[in-house]
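As written, the chains take the letters A, B, C, D, E and F, and residue 1 is the first residue of each chain.
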Amino acid sequence: MDESVWVILVIEDDEAIQMLAEDALADAGFEPAVAPSGEEALTLLMGMKSNYRALVTDIRLRGKIDGWEVAQRAREIDPEFPIVYVSGASAADWPSRGVPNSVMLAKPFAPAQLVTAVSNLLNGTSAT
Amino acid sequence: MDESVWVILVIEDDEAIQMLAEDALADAGFEPAVAPSGEEALTLLMGMKSNYRALVTDIRLRGKIDGWEVAQRAREIDPEFPIVYVSGASAADWPSRGVPNSVMLAKPFAPAQLVTAVSNLLNGTSAT
Amino acid sequence: MDESVWVILVIEDDEAIQMLAEDALADAGFEPAVAPSGEEALTLLMGMKSNYRALVTDIRLRGKIDGWEVAQRAREIDPEFPIVYVSGASAADWPSRGVPNSVMLAKPFAPAQLVTAVSNLLNGTSAT
Amino acid sequence: MDESVWVILVIEDDEAIQMLAEDALADAGFEPAVAPSGEEALTLLMGMKSNYRALVTDIRLRGKIDGWEVAQRAREIDPEFPIVYVSGASAADWPSRGVPNSVMLAKPFAPAQLVTAVSNLLNGTSAT
Amino acid sequence: MDESVWVILVIEDDEAIQMLAEDALADAGFEPAVAPSGEEALTLLMGMKSNYRALVTDIRLRGKIDGWEVAQRAREIDPEFPIVYVSGASAADWPSRGVPNSVMLAKPFAPAQLVTAVSNLLNGTSAT
Amino acid sequence: MDESVWVILVIEDDEAIQMLAEDALADAGFEPAVAPSGEEALTLLMGMKSNYRALVTDIRLRGKIDGWEVAQRAREIDPEFPIVYVSGASAADWPSRGVPNSVMLAKPFAPAQLVTAVSNLLNGTSAT
């Protein structure tokens, strides 16, 4: 099997959350890949989209574009691309800034919440 | 009962769709109110929000703001405000531009689809 | 077809709501039957349950038992019995007093909301 | 608007149910079209699929193919084609013979159940 | 991150189930806290509710109040509090005694079922 | 607790997928049992159905019956039996060949996707 088909792209500055996400996804059998900024994430998604299965993104990012915009662009590339937002203060903005069929995980969250969110979106089962 | 509590705000230029929406909502027991532009809709929502129960909006609107922005603003005012988008060409942009827990009705649609969408959102049952 | 199989039992004191519910259900093709109290509703449900397809109940009822208890008893008789609660002040108690897979309609509601709620429950599609 | 885009194809021998379905769909703003057999329904779906928005089919049909097969074929033509099965005795076979994201309406059903089922499927909201 | 925000309150007498639940939740990154009785669980929930994210409760408890009542009280404190019931014999009473948007796990269950149920409820995705 | 109540029946030829599934299910606390063919799986399901909680099946199987047929037969034995299909090329046939309330996992998939799919189906939460 081509492992790369399972790559989950993670955009996160907070090292603690980044490690938590990487470990949780790897333990679950996914292959996490970290992008340091939204700009680089979009370059990766546009360049070799088929290798990425889902996006896990923080809202506040270094660089000019935030997580809301990265998700919106990712959905323009693939209308069904699974999106999991991770945030603290910005969680309250999800109802107005999030995209349909996405999940918002308010920090702090448990690794299992991230794994379940990604799995449900990939399995095509309920998101909100 | 205060009928005004059921008012559904409709933003639509297309007269055929506007009449279809008004008739469908009125027949269903809702009280439709039409706003000629997004700007006026937002003024109404901010001024007396509690009288409006849901928003039905076309995407392309006269004036400077489109349906995507009206919906986003409405959700900033009320994070759970029911949103039904109505559109032809723009329906394909819903996965990237729409808000969570909203419904997109691609034109043409039957009156029952609009009534069912609004009712489900108001009843707190499934939206996508 | 045996029309009686579609009978929807309605427990409601408020005459305006009772008429709204009866008319809405009749127009939708259901056969509404009104019970004046929870006690009588339970007698009907136990006596000839198979003729009733769903329960629409107000919370505050004349007599000793309220709508929460009627619904609970109805579910003891039939674990999948569709329940729609209708209430004003008591709507906020639904998360703690309601049964699973039921719908709470806060007064005032539009006829279409009641019809959609009953239809979704009977069709086995999403309730909350 | 091109009315034909709303055509709902109905396959039903039982005249009472056929009339109920046609009236319910027409009142809801859909345009019902009746096919006398599964064979003819498939010819219509394959010939001018884009004009049909959903299929409402009885299970037992005159001719050689039954409703289960018509639905399966319709999904081969369009993987997301909305399917509503209507049946009496065969309703119990839905969990083993039905297709994903379809709805089974056991006879007798109220017109509103059919309209809500079709609307939910077209709106992309919950089916089972 | 404040670990305490993830605390999942577990009310369980059966040592085997208690250990299974604690291990499963801990492995998933949650912080389980065990309450020996419903009375003590309610004291904890009322005293420092904000530290508890969800409740996992057996139905039959030592003391005067059972799991049904603990869940109902927890929902009175927080209308959206995630509830997972765990039971053997009492599982059949969930449709009449459970609260909306809760999950019933019939014993025996696998650890992953508990983790998935808690995660889905916390993520705001589908419960029944 | 009787572990056997948790047995998940897995039908898979591909050794890599079989091991992945067995390990994932075992780590999640389920007890996987592998059937070499659909015929043997059905014999097991009919003989001691109560010991099996769910079916995970590949589509292309050695022997005369494929995964679609095994699932259909399993649902005839138990209308609510949880089904997870696993496939590569055949994933596109799920909308026409799958049963209601089942999940299709397209290969390659991560272990967590399988565990989440099985857990959701067993918990009675959303499937498609």
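In this text, contacts are C-beta pairs under 8 Å (C-beta built on N, C-alpha and C of every residue); 3 or more make two chains touch, one makes a residue touch a chain.
All values reported here derive from a predicted model rather than from experimental measurement.
Enquirer: Would you pick out the chains that touch chain B and also touch chain F?
Expert: Expected: A, D.
Enquirer: From the C-alpha centres, identify the chain that is farthest from chain E.
Expert: In terms of C-alpha centroids, the chain at the greatest distance from chain E is D.
Enquirer: In terms of residue-numbered contact pairs, which of D-F, A-B or B-D coincides with E-F for over half of them?
Expert: Going through D-F, A-B or B-D one by one, only B-D repeats the E-F interface.
Enquirer: Chain B to chain C: how many Å between their CA centres?
Expert: 28
Enquirer: Nearest whole angstrom, what separates the Cα centre of chain C from the Cα centre of chain F?
Expert: 38
Enquirer: Name the residues of chain B that each touch 2 or more other chains.
Expert: 115-116, 120, 125-126, 128, in rising order.
Enquirer: For this structure, enumerate the chain pairs that meet the touch criterion.
Expert: A-B, A-E, A-F, B-C, B-D, C-D, C-E, D-F, E-F
Enquirer: In the complex of these two chains, what residues of chain B are touching chain C?
Expert: 1-3, 5-6, 28-30, 115-116, 118-120, 122-126
Enquirer: Which positions of chain D touch chain F when the two form their complex?
Expert: Residue positions touching the partner: 72-73, 75-76, 79-80, 92-102, 128.
Enquirer: Using the touch definition up top, name the residues of chain A that touch chain E in the complex.
Expert: Where chain A meets chain E, its residues are 16-17, 20, 24, 103-105, 107-113, 115-117, 120, 125-128.
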